[in-house]
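So that you can tell them apart, the chains are marked A, B and C in the order they are listed, and the count of residues begins at 1 in each.
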C-alpha cells in the first residue's frame, strides 16, 4: 500500500519539520536559559533577585501592571460596548486607533510620549508647572505600558459581544431591568471569557514591555527601572547571574500566563 | 423607576432587514459619558502622541524631513529592517502554515503542550527573548551555532517574535474547513497536492494574509529582542528602531520622528498591498 | 370607537420607517382584553415590527399605542409590564432555570419567599417541575421555550407577546406546544398576541387573526371570516389553499369538473388522482396556459365522474364559489428566495492567540 506509506512519510516529515523548527526557535532557548540560570547554584539566583535594585524593579513593574490592567480592562469593555451596541459615528476611526499599538514600534511609542509629555513637549512644561513629571518618572512608564497593552481586552471582547447578540439583554429589559442591572447580570457574565483572556494578555504585555519604557524612563536604577530594564542593565554590567535570574522570573511569569490561558480555554469548553 | 427612562431608539436598519436590535443603551450614567470617556482615553493615549510624531517630523520642513531619512545610516537601517522583515514574513508564511497544519491535522503525544507553547513569544518580554537567543546562538552556544552580531541574528530574533501570528490566524480557518470538500475532490481523482493548492489553500489565504500583515508590522518595529544579539552595529546590524533610539539619545528628535514616520508609512503600504491582494482573491468567492 | 377595557390593546395609525425602508404603514388594530390574537404574514410583512412596537422595543414614527387604556407609545419596554417571548428563547445561559424565571421578580425586589413561591408555581404551570436547577443548555428546545414563557409570566404581565415562539422547534413539538399554549391561555387569560408565518398555527389557536403584508394590515377577523370572506386576493391565497384558474383564484373544493365544455370552462388533462381517506385530490394540467390545478372532492362526488389519468376534462369555478382576480400578487410572495451570496471566510482578530 504505497500510498498509505507515502502519506505516512509525508505526515511524519511535516510533523518533524514543524517540531524541529519549534525546538530550535522556542524550546531550546527557554530550556537553556532555565538551566544556565542555575549555573552558580540556587543561592546565587535568589541573591540576584533580592538585591535592592532588583526588588525596586519588581515593585515598579507590578505597580505599572496594577494601574494599567484595570484601566485598560474598563476601557476595553466600554469600547466593545460602543463598537458593537451603539450607533456612534466614527467607529471605524476608533477601530483603527485600537490597533495602533500593534502597528507601531515600541521605540516610536516612547518617542511619541516624550514629544507630548516631555519637558520640551506639548504638555510637559504645563505639567511641570503643577509639579507633575511624566517623562523619566513613573507616570511616563505607566503611560507607556498603558499604550502598548491597550488593545487586548477590547479585541477579545468585541467578537464575543457580537456573537452573544443582544437577545438576552432585550429579554432582561422586557422583564424590567435597568441598564446597570442588565450590564452586571447579563452582559458581563456573557463576555466573561473574553474579558478574562484579555486581562491575561494585557498583564503579560504590560509586564514585558521594554522598548517604549526604555525611552521614557531614563533607566535610573532603583527608581525608574522596570524588571525588563533591569535585565538589560545586569547584562550590560556583565552580571550574568543577575540578568539570567531576572529573565527567568519574567519567563516563569510568561509561562504562568500561558498556563492561565490554557486552563481558561479548557474551562470555557 | 430607573433614571434612564429614555425610549429605546433603534439603529438604522438596512432596507428590507429585520427590525434593528442595537439600542443605544450603555450602562451607567448614560452613553454620552461612556463615549466621551472612551474617546478621551484614546485621544490622550494614542491619538495625541501619534500627532506629535507627525508634527515633529516636519518641524524643519520638508527639507529637514528628507535630510533625516536620507542620511546613509538611516537608509542602511531601513534597508536592513525592510529586507529582514520581508524574509521573516516569507518564512513565516510557509512555516506558520505548516505548523498550523500539523497542529490541526496531526495527532501526537504532547500536541496540547506544543499548541500552548506557540503563544510564548506573545507572553515573553522581548528583552528576555534577546537574552535567551544570545545564550543559545551566541558565543557560548551549546549547539555550536554562533550568529551573534550578524544579520542572521536579526532574522532569527524576528522569527522568534513573529512566530505566533500566521499560526494563530491559520488555525481556525483550517479547523473550519469542510472536509467533505476534500473527500469530494479525492473521489474525483485529485492528488493530495492538487487538493491542497486548489481546495485548502484558497481557504487559508485570508488567514495567511492577516498573519503576514501583523507579522510584518511587528518585525518592522521590533526592538527589544534585537538589542542584545544583533550588536546594533551601524550600517551592518542596526535596525531602524535601534537607529531611532540612537537619534533620541543624541537629542535629534526631528530625525527620530522622521524615520518613525517612514516606518509607519511602510507598514501602511504593506497593509494596503495585502488588502488589495485579498480583494482580488476573494472575487473568486462570489 | 370601542374602548379597550382591562388590558386590551389599541393601536392607532402606527407607522414605522427605518430611513428609506417603510416597515409599517398606518396600522390600526384592537386586541380585546384577555383574547388571543395572531399576527400572520410572510417575512417582511411587518408583523414582528408591530409586535415589538407594542412591546416598546421599537418606537413608532407615527401613531399611538394604548395598553389598558393608557397611552404607552413613548414608554420604554421596561416600564410597560409586558411579557415577551423570543423566537430563539433568549435564555440567560449562565443562570439556572430557577434563576431565569426569578429574574423579573428579583428586579422588582419581591421578598425572597414570594419569589420562591411564584417560581415553583410557574414551574408547575409550564410542567418543568424538577428542572429548576438545570441550565438552559441542558434543556430541549420545547423545554427552553416553556421556561421562557414562565419567565415572561413571572411578573404577572398585563400583556403577553410572543415573536414566532415555535419557529425554532421541530414540527411535532411545534404542534404540541401550540395546543399547550392555547390551554395555558384558557387558564391564565392574559391578553396574548403572537407572531407567526404559519397559517395553520394561527387558525388553530387564535380567536382573532390579523393578516399582514408589506407593512399593512390586509384583513382582521376570525379564521372562518378570513377563509370564507377574504377581502382580497392576498388574504385568499395566504389563508387556505387556492388555485389559479382562467385568471381567477378559486378554492380547491370549489373547482367543478365536467366532461363536456360549458360556459366558463377551461380545458385540462388529468395528471393523477390521489385518494386520501374520504377525500380525493384530482391533479390536472390546464391546456393552453400550461398551469397546474387541483380539485378537492369527496369520494362520493368523485365516483360518478369515472375519471382516469390522461383524460381530458373541463373545469370551472362552481357558480356559488368565492373567487378573486388573479393579478400575480401571490406569485411574488411565494416565489423561492435566491440563496444568499457566499461570504468570505471569517478573519481573525489581529495579533492575538485564538
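The rule we apply is simple: contacts are C-beta pairs under 8 Å (C-beta built on N, C-alpha and C of every residue); 3 or more make two chains touch, one makes a residue touch a chain.
Keep in mind that what you see is a predicted model, and the values were worked out from it rather than measured.
Colleague: Report the chain whose mean Cα position is at the greatest distance from that of chain A.
Modeller: C
Colleague: Give the chain pair that accounts for the most C-beta pairs in contact.
Modeller: Greatest count of contact pairs is found between chains A-B.
Colleague: Starting from the mean Cα coordinates of chain A and chain B, work out the distance between those two points in Å.
Modeller: 15
Colleague: Where the centres are mean C-alpha positions, what is the separation of chain A from chain C, in Å?
Modeller: Using C-alpha averages as centres, the distance is 52 Å.
Colleague: Could you check chain A for residues that touch two or more other chains and list them?
Modeller: Touching at least two other chains: 102, 167, 170, 173, 178, 201, 261.
Colleague: Enumerate the residues of chain B that touch no fewer than two other chains.
Modeller: Within chain B, the residues that touch at least two other chains are 1-2, 8, 12, 118-119, 122, 214, 218.
Colleague: Two or more other chains touching the same residue: where does that happen in chain C?
Modeller: Expected reply: 57, 76-79, 350-353.
Colleague: Can you tell me which positions in chain A touch chain C when the two form their complex?
Modeller: Result: residues 99, 102, 151-152, 155-156, 158-159, 167-168, 170-178, 181, 185-186, 189-190, 201, 261 of chain A touch chain C.
Colleague: In their shared complex, at which residues does chain B touch chain A?
Modeller: Contact set of chain B toward chain A: 1-4, 8, 11-12, 21-28, 31, 34-35, 37-39, 41-42, 45-50, 52-53, 55-56, 95, 98-99, 101-103, 106, 108, 112, 114, 116-129, 131-133, 135-136, 142-143, 156, 159-160, 163, 192, 214, 217-218, 220-224, 227-228, 240-242, 244-245, 248, 253, 256-257, 260, 263-264, 267, 271.
Colleague: For chain C, which residues count as touching chain A in their complex?
Modeller: 55, 57, 76-79, 81-84, 86, 88, 90-94, 103-104, 107-108, 148, 151-152, 154-155, 349-353
Colleague: Which of the residues in chain A come into contact with chain B in the complex?
Modeller: Contact set of chain A toward chain B: 7, 10-11, 14-15, 17-19, 21-22, 25-30, 32-33, 36, 75, 78-79, 81-82, 84-88, 94, 97-98, 100-116, 121-122, 143, 146-147, 150, 165-167, 169-170, 173, 178-180, 182-184, 187, 201, 204-205, 207-211, 214-215, 227-229, 231-232, 235, 243-244, 247, 250-251, 254-255, 257-259, 261-262.
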